[in-house]
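There are two complexes below, and they share subunit A, which is joined by subunit B in the first and by subunit C in the second.
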Partner chain A sequence: MATLELDGVSKSFKTGDVLSDVSLTTGDGETVVIFGPSGTGKTVLLRLIAGIEEPDKGDIRLDGKSLVGMASDARGVGMAFQNFALYPHMPAYDNISSPLAARGMSKERLDEKVHSIAKLLKIDHVLTHMPKALSNGQKQRTALARALVAGPQVLLLDDPLRNVDAKLRYEMRLELPRLLSEFKSTTLYVTQDYKEAMALGNRIAVLAAGGLAQIATPEDIYLRPANVEIAKLFGEPTINLLSTTIETNSKGPTVRLADLKIPLDAHYERFQGRKVRIGIRPEDIAITREAREDALKIEVVAVTPLNERVVTLFKLADGTECFASAPDIQSSTTTRRHGAAYATIKTDGILAFDHNQGQRIEATAE
Partner chain B sequence: MAGSLILDHVDKFYGPKSAGIHAVKDFSMAVQDGEIVALLGSSGCGKTTTLRMIAGFETVTEGEMRLNERRIQDLAPAKRNVAMAFEGYSLYPPLTVRDNIAFALKGARQQRSEVDKHVDEMAELLEIGPILDRYPVSLSGGQQQRASLARALIRKADLYLLDEPMSQLEPQLRAVLRGRIKNYLIHHGMTVMFVTHDQTEANALADRIAVMEDGVLEQIASPAELKDRPANLFVASFMGEPPMNVYDATVAQNGGGMRVVVPSPNGGEAIGVDIPSESTDVQGALSIGQKLRLGVRPQSITIGQGEDQALVLSNQWLGDQTHLVIDAGEHQMIIVSYTPVKEKAGETIPFLIAPEKIHLFTFDNGDAITHGTELAK
Partner chain C sequence: MSSMSLLETVIRRTLIALVLLFFLFPIFWIVLMSFQTNEQILRIPPSLFFKPTISNYTALVSGELVTAVGTLKLTFTQNLWNSAFLSVASVFLALVLGVPAAYAFARFKFRLGEDIAFTLLSFRFAPPLLVLLPLSLYFTDLGLNDTYIGLIWIYQLIALPLILWIVRGYFEDISPDIEHAYRIDGHSWAGSFFKIAIPLALPGIAAAGLLAFIFCWNNFVFALILASADKQPVTVGALAFVTAAGISYGQIAAAIVLSILPTLLLALYAQRYLVEGLSLGAVKG
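Let's look at the complex of A and B:
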């Protein structure tokens, strides 16, 4: 159990700035997911905490004590890398015990530690197996056991499920939070998969070029992203973005989309005349065949089912392409639909972003 | 122009029949004129070998392949009137992207302006307009893939063969291109067979999916049919995200009727589903004491109602859906809900499995017995 603090951490290499002025504080036992496109310094951040690199500026503190300059193995930090790599020439037992063996721990104590963690991770029956004799799931658990065996206060996991087959990745996504909570480790978890980020993180720290763009709960990130770039990183298919202007009529603020005026929350009134990009999640758009007053006239391009949902690519009257997504309730319907149809929008999920700067403009009252 | 393709008891051996590798086993299927069919399976299942036999890059050991009622397996690839986008079938390095695509039309004797118009349409569809004047060597994998697709789709052919056509594209572009390409294929009535290991790709594009495993065609059916009426346990667990929940079960007596029971490791019943008394077909197909496997899709379980209570082990909200894991009598069950679920890990939640939603498979070889209240075919 520990609190990890990053305080104004910056790091640059010859190739340029990688991290600039990153500050975040984890809660005790919290899992914070570090998420962002490649090249935003996610792995560098972990390496700074582990002591493989040192920051140019700023401080890293564990329970108030600075880690900067401290040897890696004295930091109380455990790390597991992409694919949960194992030493191929050592049986599972030796793989797990390797961090302890280096510390000159007594054989009995070491044995006890390895067995207790192996039992918890359900690999106690394969400890004598070499890595190649382990199933993929057992390999993952073995590597996790190795990262956890020394009882680290902070666990760093660098995209551990990348390149793992889809089924196992899914199973681990469901299982990891429970395993991590058993150990009460404070965890920093790097991933490029937004679903993994939402599933595993108590909070998600979104890194963008130049630094930390937002740190918040999955719910806040998805429903209240700080800017348009973050909104685009979460959701499949990606959020629909449409350029328009906030107008006000007798009923309140609206935006015009193609041939339709869509009402906005009353609090948007203060943004009247603002040029914006409206963000509408595909799951907030429903396609119907009936003409309705509050519906957009559209043309269905194609229906392409995705993850048990019906995803429809359609065009607005001005040719803009959008996605709608709905649960696949009647799986018997044809997926060859195209042609004229109508779309209705669930307006309370609409987001608005400044047209030039991209930051989200808040609908809440001042 | 389009065509119909028939594979009639096709076998492929690498090496001698007695000791070689049997890569494709007694494969028969018919692709209708204008139909889009996916060959889906994990690596080594024989899907690419099948595609390569149709293209003419591999010989057929036994059986026959006919395109528009014409036997094609003895014809050179160029004589089959088949258009291809294959990973190994790369772009011509000395030609620009535009010329690579236009080259595919050289036999069609079109005016240059006509050809240009065609290429520009294709380029707009696949978002490669800005790279038309570049040479293949300077393109990213995703750009090469789109150029190669354009070169195949611009042709007039009886059949289009595409090998992992969108594997290199980044997700946002892929989602849009899936829709546009599907629209294009349908509008032009093209007959298409494509290979993929990604069920998302197969579901998105195909009218029917041929699921292969170990050289064998396990089932060919529409995406909906594969989900609702999988022929066996392999197809049932392979298709669907997250995968189907599957449990060992037995048929128990329940008054005058039957109940499918999944025992708890601690004794007693973990999961039980009554077979409705009016489902005489289903009752007739089962016998008391029979061991079988019970499957239920994560999307088919109702939560918030029912008499059974289960402990929530995890609750993961993903924006447009929630994934729950519950502990149903020491058996884990994955549930997908499209509305948010407020119960957190450690709380309990009622759940219900309706008899219409279950799939029963034989215990030994996993063949489907029933789907809901209908008998499997």
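Let's look at the complex of A and C:
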């Protein structure tokens, strides 16, 4: 339906730069999740597109037509705010019908549309309630219904699940993709929760201090993060980062971790002698009690069973602390004991980052 | 434990009773006075028991005051009408001017904005007597002396800053995102002002309007200097009872009772808006 283009958009406030030179093009009907820690300008980006703020530099185009300088009411976007921003003096029905009323829709059509979206979002029984009388989940759905009801070309969702309880958030995370595909709107979705980002985005745009750090599919972001910071943002527990140097022996490139040399992909050979930080995902580490030749000697410090999986905090021989995460079924009762154990690392998931700059070192030939 | 809270209750109730007595006794006494003749009022010691008369009220309404020296013409009903007209018109004008201004001060940052807002507030600092002399000279030149328009204009000194500053606070309390959401829905700027900002600030606007009304109603000195008998409000009109033949306390009391009645009724009616207005903070989300 619509292609949204951000072209070198910059915005600064008196307190300092918020966004600098952000460029991003969304596909037709695509959902792009804007992800990043707080203070990186995710919300500002949405507000620029909605026309609440104007960019200092750059252009925002919808299907090739510039939106800059256009009033909010002429942009044809729908937006759900993080704090819902429902009209407190109107019942849910009037809140939802507001975008339709603004378009001068006939009463019958309007009524039909409001009821159909309310049904879809399971709030048809509270349409007469004032926002004050709605639960947080219902408020959030009302806000969502209001954003969606007119079928906007661009849908802006500002962390809509932030203020709802965990159960509802989980439900909505499952429900939203279906809903969004039904409306075919091009969607920008802001969140601080990496799981939400992975679950909802066709692509994820990671904002770091100042600008866009990486934009890629969820799989790409997780498996091939552009730098250390992004690697740290995705995954729980966070990725293990260990300083070391790439060495080469007869079998190919390796890195030394404590008392063991771990083999790397052959492509890393050209980085021989480079000081790097090695990133190992906790789920790529398996802990056993039996000594194995290719296993690191470790000491288990703490074990946290989380029902569906077990997170283990352990120390390498040189004292570095690391996390391992395993599905509960695999971890036999013995590995729950503290004390000496062994860790095997799945080597094909290893990431290498430049030690100083932090950008990822590509394991492909040139 | 319970005896402690009983003691607290007793102390609290006693203090409340004392405060109420302090504020309400004068009003109670004036109401009593308004049903007494001058002789009964001036009797020593004063007594709570007397034969009530409505002669004070009939004098006010009929416009004739019979004194020992002769019959005096009274303009009290005209004064009452003047008060009502001046106060209502002034508050109306102040709302029309002040509410959009308050919105502008709350929502937009513009050059000299704070200075202008403060200047408007500073009108409330100046003692009226200080500005009255030059003002009456100007009014003579402009032909505004003894006109309703002139008085309503001058009453803006009282009403406008009050409304501007109170309503501004209420607008500032409304999350701008609610208005942004309305604009994004496709409504015009005017739509978001009249359908969102005004209704949400309504308790504050009502409270400010009521307060401004009371201040206008109670004003004395502007009308005393700038208007003559047929344009003067009740506050000035009550002076007519201080006559050569003596002070007619009974009529003054009756006049006071009649003049506080409209504001009292208005305040009682508007009370729920005032309370709602004070709890506006709960409007979020």
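Note that the second predicted complex is superposed on the first by the 336 of 366 C-alpha atoms of A that agree within 3 Å, B and C clash if a C-alpha of one lies under 4 Å from a C-alpha of the other, contacts with A are read in each partner's own complex, and residues count from 1 in each chain.
The rule we apply is simple: contacts are C-beta pairs under 8 Å (C-beta built on N, C-alpha and C of every residue); 3 or more make two chains touch, one makes a residue touch a chain.
All values derive from a computational prediction rather than experimental measurement.
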Task: First, second, both or neither for A:A291, with subunit B first and subunit C second - done: neither
Task: First (subunit B), second (subunit C), both or neither touched by A:A266 - done: neither
Open item on the list: Under the stated touch criterion, which partner chain does A:V311 make contact with: subunit B (first), subunit C (second), both, or neither?
Closed with: first
TODO: For A:V68, select first, second, both or neither according to whether it touches subunit B, subunit C, the two together, or no partner.
DONE: neither
- [ ] With the two complexes superposed on chain A, say which partner A:F323 touches: subunit B (first), subunit C (second), both, or neither.
- [x] first
TODO: Figure out whether A:A133 sits in contact with subunit B (first) or subunit C (second), or with both, or with neither.
DONE: neither
- [ ] Answer with first, second, both or neither: which of subunit B and subunit C does A:P99 touch in the superposed model?
- [x] second
- [ ] Have a look and say if subunit B or subunit C is in touch with more residues of subunit A.
- [x] B
Open item on the list: Contacts for A:A302 in the overlay, against subunit B (first) and subunit C (second): which applies, first, second, both or neither?
Closed with: first
TODO: Check the residue A:P237 against both partner chains and state whether it touches subunit B (first), subunit C (second), both, or neither.
DONE: first
Open item on the list: Taking the stated contact definition, name every residue in subunit A that is touched by subunit B in one complex and by subunit C in the other, in rising order.
Closed with: none
Open item on the list: Applying the document's contact rule, which stretches of subunit A touch subunit C when the two form their complex?
Closed with: 47, 50-52, 71-73, 75-79, 81, 83-89, 98-99, 102-103, 131, 139, 146, 150
- [ ] In the complex, go through subunit A and note every residue touching subunit B.
- [x] 166-167, 170, 173-174, 177-178, 195, 198-200, 218-219, 222, 232, 234-238, 281-283, 301-309, 311-313, 321, 323, 325, 327-328, 331-333, 335-336, 338
Task: Residues of subunit C defined as touching subunit A within the complex - done: 175, 177-178, 180-189, 191, 196, 199-200, 283-285
Task: subunit B residues within the subunit A interface of the complex - done: 171-172, 175-176, 178-180, 182-183, 186, 200, 203-205, 207, 223-224, 227-228, 240-243, 299, 313-314, 316-321, 323, 325, 334, 336, 338, 345
